[in-house]
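I've put the structures underneath this note.
You will see chain A twice below: alongside chain B first, and alongside chain C after that.
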Partner chain A sequence: MTYHFGRGRTRWLPYLLLLPGLIAYFVVALGPSLATSVYSFTDATGLPGAPINWVGLDNYNEFLFLGQAARDNLNAVGRTLVFCFFVTTIQFGIGLLVAIVLNQKLRGRNFFRTLYFMPVILGAVIQGLIWSLFLYPLGGPLSQFLGIFGLRSEFLGAQPTEAFAWVIAIQIWANMGTTMIIFLAGLQTISEDYYEAARIDGANHWQVFANVTWPLLTPSVNTNLLLNVIGSLQAWQLFLVLLGYRNGTQVLGYLIYATGFGQTSGSMVTSFRQGYAAAASIVMFVLVLVIGLSLQYILRRREARLMG
Partner chain B sequence: MLSVTAVALLGMTLIQPLAAQSTTLRVLVHQNPPMVEFMEAFNEQFQANNPDIAIDMSVVNANDLSTVTQTRLSANDIDVIDMFGFSNAAQPYMANVDPPNWQQLADAGLLMDLTDQPFVANYDEATIADAGTYNGRVYSINLGRVSYSGIFYNMDLFTENNVTVPTTWDELVVACETFTAAGIPCMTAGGRDGWPIFVGAYGLIGALYPDQAALVEGLWTGTTTWNDEQALEMWSKMQVYTRDMIESGASGIAGDAAPGRFASGAVAMFPGGTWYAPAIESAEPEFEWGYIPFPGSDNAEDNQYLFGKYDQGWAVAANTPNAEASMAYLAAFSEPENYQAFVNAVGFIPTQPTAQLDTRLGEQVAPYLANFRVGFEQYWVAPRGVGQYANPWASYFQPFGTFDDPQTLADTVQADLQSGLDAASN
Partner chain C sequence: MSATTSLKTRTPSQPFRRVGWGKIGSYAFLVVMAIIYLGPLLMLVNTSLRTTPSFMRNATALATQPNFENFAEAWEKANFPQYLLNSALYTVSATAIYVVTAVFVAFPIARGYVKRSGLLLTLFVIALFLPPALIPQFQLILRLGLYNNPVGYILLFIVNPIGIVILVNYIKTVPKELDEAAALDGCGYFRFVWSIVLPLIRPALATVIVLHAIGIWNEIILPTIYLTNSNYYPITRGLIVFQGVYGSDWPVLAAAVLMLTLPMVILFLFLQRYIVSGLTAGSVKG
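Now for the complex of A and B:
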């Protein structure tokens, strides 16, 4: 008989040590997720003492098919995908570029690494406040700068497309540091011997990058792509802080928050609909799951092909 | 020995205040600077008179009030709650609608029944009935009515530019053109918060639809639509309001910063609710301003109404461990002297019969108080399935929204509403 961890105490101790983590995972992650899926079939309000009734697929039917609201919801799903695409590609590109630059032996590189990473440690509220002030249309720094050229913008209060683009930019600013750090860590694992060998073979900068750096960065590329895709699909905090509930800008994550907590407009009385919001959450979960698993499958195949 | 005694006395002095305040009363209010300032002063006074009670007041943005109320009630972490007036109850002609959050809270047994509390009698019966009673029981005492359909105007700028106070829509357009030609922005609004843009134009709806309860019923039953001829006039005027009257850059002004901008004399007018008056006075005490109903109609007689709502009220968590302290708090607040001070501070139209709005705002709204009406927003309940444009909101127009054609917007709004009505009738 094979004992994975040995015999006696050494056999059960690893399981015991895993137990706290497993309990924590069940309590704070799996349990609430399962509860959300159950809630999605009820009319739960989230209020203690309020009756909870089983409504079957009504919440899903309403979210996906009922009236114009359903089409607005699907538009929010589309907007979420657009947000994901732009955030992922731009953040990935800039993060890689900055990491490569800051991996060189430059003066002050530690300062710049800290500088570029700093937004990550700020909360969404602080990030939103900084950008709200920077983009203040009546005399804010960017407004004054544009004024020099006779240009002006309402920035976050502008047309939904422009406001949405600003949130993409701010999301990238807020999270690019993480992408950069992961790439930096990856770059530092690549042995200098490979570069030296490539240079001896006469490779130029692009050839070195394409044939040495890029393939050997595969684990970092995979990690960053997955983190960026999943993170941007679930984004909602910056939308809340920067735009609030505004037609033409909602993404799925923010729509779920606004619905679940009765927050659409400060001047209108709304309802608590956490059962309905739970159904919307499950829709988002399925979206993230499908995209995440597909991406992971593709990335693993690529990793196997490149790294063996 | 002397030093030991001194240390012991010092210790007793330090410990005494902590030991004396055996109850901490947790109060939740929304952000409204004059109201928060008043409440801080009131809390100090209350604590001085009740040394065994400490007040822990939390202030949240109005947009977050329902969320925080829900979460803190669920966590049994709040005693006294700031609650907007009871409104938006489902009517018999409505179907497929959700109950408003206050009703959900009462149905869930999370609000204390205040019916038999003596301080309830300090408020007028109509207010208690309209804005605090549900299923025959009192769950909230409402602290005042506000108008949201008027315009603050800068008296000095009107005089300097020889502009008469507008009483009709045409006069308002001319006034704005005059100010704009003089390089003075006509109106400002706290567009950063979203709702001040469309709430600023509620007077336009009121001027065209004086009976707003009938308007809501008409929309539900199909006798009124948001794309008929009358509505098209409203949308056309709303477009002028957002495009030509509100100053550029207003979308970046926070809701609580707009009164200060108006009081600075930078703009001629400020469409908004009466709750802004104390903030304007606080920003510039010497500033000369007036308040008029939004002249949305071409007929001056249609512009004599103020539309508004029951504003803030107090409710108490049913499961509070500090019920006695909560009742003492509300009783103290409801004493006529304290309530009068509150009304003076926040500019509410009083709901205690003995109180008077003895302020500049009181003078300004006095001619219209007999014509005060509860507005559309307090009657309207949307059916499930309506689209995102199913409201009479000026903010759908550029530069705040995407629309630049009244007919297109009117058709979109009606289609978004109709999809919900159709779903409700199926």
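Now for the complex of A and C:
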């Protein structure tokens, strides 16, 4: 496009002014991101001045194949997938349902929408602490509620599987609002004429949803699925706040952090093994890439089929 | 409503129009959800108003005689003023640096005033799909001597590719004739971007600022990694430390959490539309 703001030396002004942002991006984000693969072949530690040596594929070999630690690592990968599956499907389902309900002309719908969306701004620390209190095991609200049915739970202090399930629930509570908002935006783009036409044809609720709403919602469906899948594969902040680095609950993101920066929790002590943590980062990257791209592929094909 | 609708009121063929079981079911569902969303907050408020012994006796009893001492105690013991000041400093300075540099990246890319602007934009988007930068970033900050240093910590937040994309998309809606007219009037490039473009893209700017600032304010992982001196802690890290010490004294801890939650909730009511437009940007078109 034609540039109007002078020639000669002043023509370089846009480049010059763009440079700070570009350099910052290279130095802080892109460069380090690419360097992760380089570090994954070294024995780097987090200690200042310590020498860094090439170790080839040792980190990967150790992470994936050596002894009990490798089994723990693969368990963490499995747990990450389980976390991703439940968070994505439940959050997607509830978010869609809430959006469809709120898309009607109802009294107080702005209030409900704002309320469900609000946790998004609070951040993992406040979300986590609020729920730690709500799940107070000695006669807290949920403990009493379960008591009505004769049930008992230690909640976050329970067996790893149960504690893990509570983190899934809280993760969904915290982020469902985003899914809902994206669906609501999608629903509002669907013209009332389509519903009108379906009604005239005598379609029932389910038929309207299956043949009008669902196909026309495709862009929001795609966005939400990709956001939820990629987001939940990488999310672990709530684990940090709610459980700490606890055996049987670690997900891949937390594992990377704990091996790279040292994490002590109870009997577990890990050291600053940053080369190893970089290798774990690459494993996570491959996981996200493979799942993300396959999902993208499936969604594209579906979209092509629906749109003819 | 059309005549067709009123003719067919007894068939289940008008989704979401009849007042009946559908509406009642909808409200019931919304109320149940509301309880799940409000419950934890109400518990927080109630607990913060109680005394520790009475909480220990019965965790869910109502605070019939509100006790406000928890707030004073939490404020003093949690070192709140210092942490809040740190958080504000990090958030404001990093966001300011980011937004100013981002505008000068986004504008020439959106206008094609720099060569290969399409490629440049791709370069920014690509970071979202690359491996986490965590480890090399740490090595970099360490080697620069900026570990456990507020400047190093702020550096981590001066980049945000999503904001660039939002700005580029919005700037494209600003008429290009404006550039030509301003240039003819003798307006320079910098002054044009700074005093003419900037006010015109205010909605997108607000969205980018709000999203970026919230991200910094709520960050918990990076302060845990980079800041060891408690004088530098942001409020998130401070709260975790406070929980470590007062974790069993829920009324005081609840007061501390509430003092941070309330301002965020109030802020949220004002900023909601900017967050919404940031999250839905581009998502509907697909």
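Throughout what follows, the second predicted complex is superposed on the first by the 267 of 308 C-alpha atoms of A that agree within 3 Å, B and C clash if a C-alpha of one lies under 4 Å from a C-alpha of the other, contacts with A are read in each partner's own complex, and residues count from 1 in each chain.
The working rule: contacts are C-beta pairs under 8 Å (C-beta built on N, C-alpha and C of every residue); 3 or more make two chains touch, one makes a residue touch a chain.
Just so it is clear, the structure is predicted and the values come from calculations on it, not from any experiment.
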item	value
Simultaneous placement of chain C and chain B on chain A, clash or fit	clash
Contacts of A:48 with chain B and chain C, given as first, second, both or neither	both
Residue contacts on chain A - larger count, chain B or chain C	C
Which superposed partner A:136 touches (first chain B, second chain C, both, neither)	both
Which superposed partner A:261 touches (first chain B, second chain C, both, neither)	both
First, second, both or neither for A:245, with chain B first and chain C second	first
Partner chain in contact with A:281 - chain B first, chain C second, else both or neither	second
First (chain B), second (chain C), both or neither touched by A:197	neither
Touched partner set for A:123, first chain B, second chain C, both or neither	second
Touched partner set for A:237, first chain B, second chain C, both or neither	second
Partner chain(s) touched by A:307 [first = chain B, second = chain C, both, neither]	neither
Common interface residues of chain A - those touching chain B in one complex and chain C in the other	46, 48, 136, 138, 140, 143, 261
Interface residues, chain C side, partner chain A - complex	2, 4-5, 8, 11-16, 22-23, 26-27, 29-30, 33-34, 36-41, 43-44, 47, 58-60, 101-102, 104-105, 107-109, 111-114, 120, 123-124, 126-127, 129-140, 142-143, 147, 155-156, 158-159, 161, 164, 176, 179-180, 182-184, 187-190, 192-193, 214, 217-221, 224-225, 236, 239-240, 243, 250, 253-254, 257, 260-261, 264-265, 267-269, 271-272, 275-276, 279-280, 283-286
In the complex, chain B residues that touch chain A	61-67, 70-71, 73-74, 84, 87-88, 98-102, 104-105, 107-110, 191-195, 198-199, 248-253, 377, 384-390, 396, 398-402, 415-416, 419-420, 422-423
Touch list for chain A against partner chain C, complex	1-6, 10, 13-15, 17-18, 20-22, 24-25, 27-39, 44, 46, 48, 97-98, 101-106, 108, 112, 114-126, 129-131, 133-134, 136, 138-141, 143-144, 173, 178, 181-182, 185-186, 189, 195-196, 199-200, 202-205, 208-209, 218-220, 222-224, 234, 237, 240-241, 256-257, 260-261, 274, 277-278, 281-282, 284-285, 289, 292, 303
Of chain A, residues touching chain B in the complex	45-50, 62, 66-72, 132, 135-138, 140, 143, 152, 154-160, 244-248, 261-263, 265-273
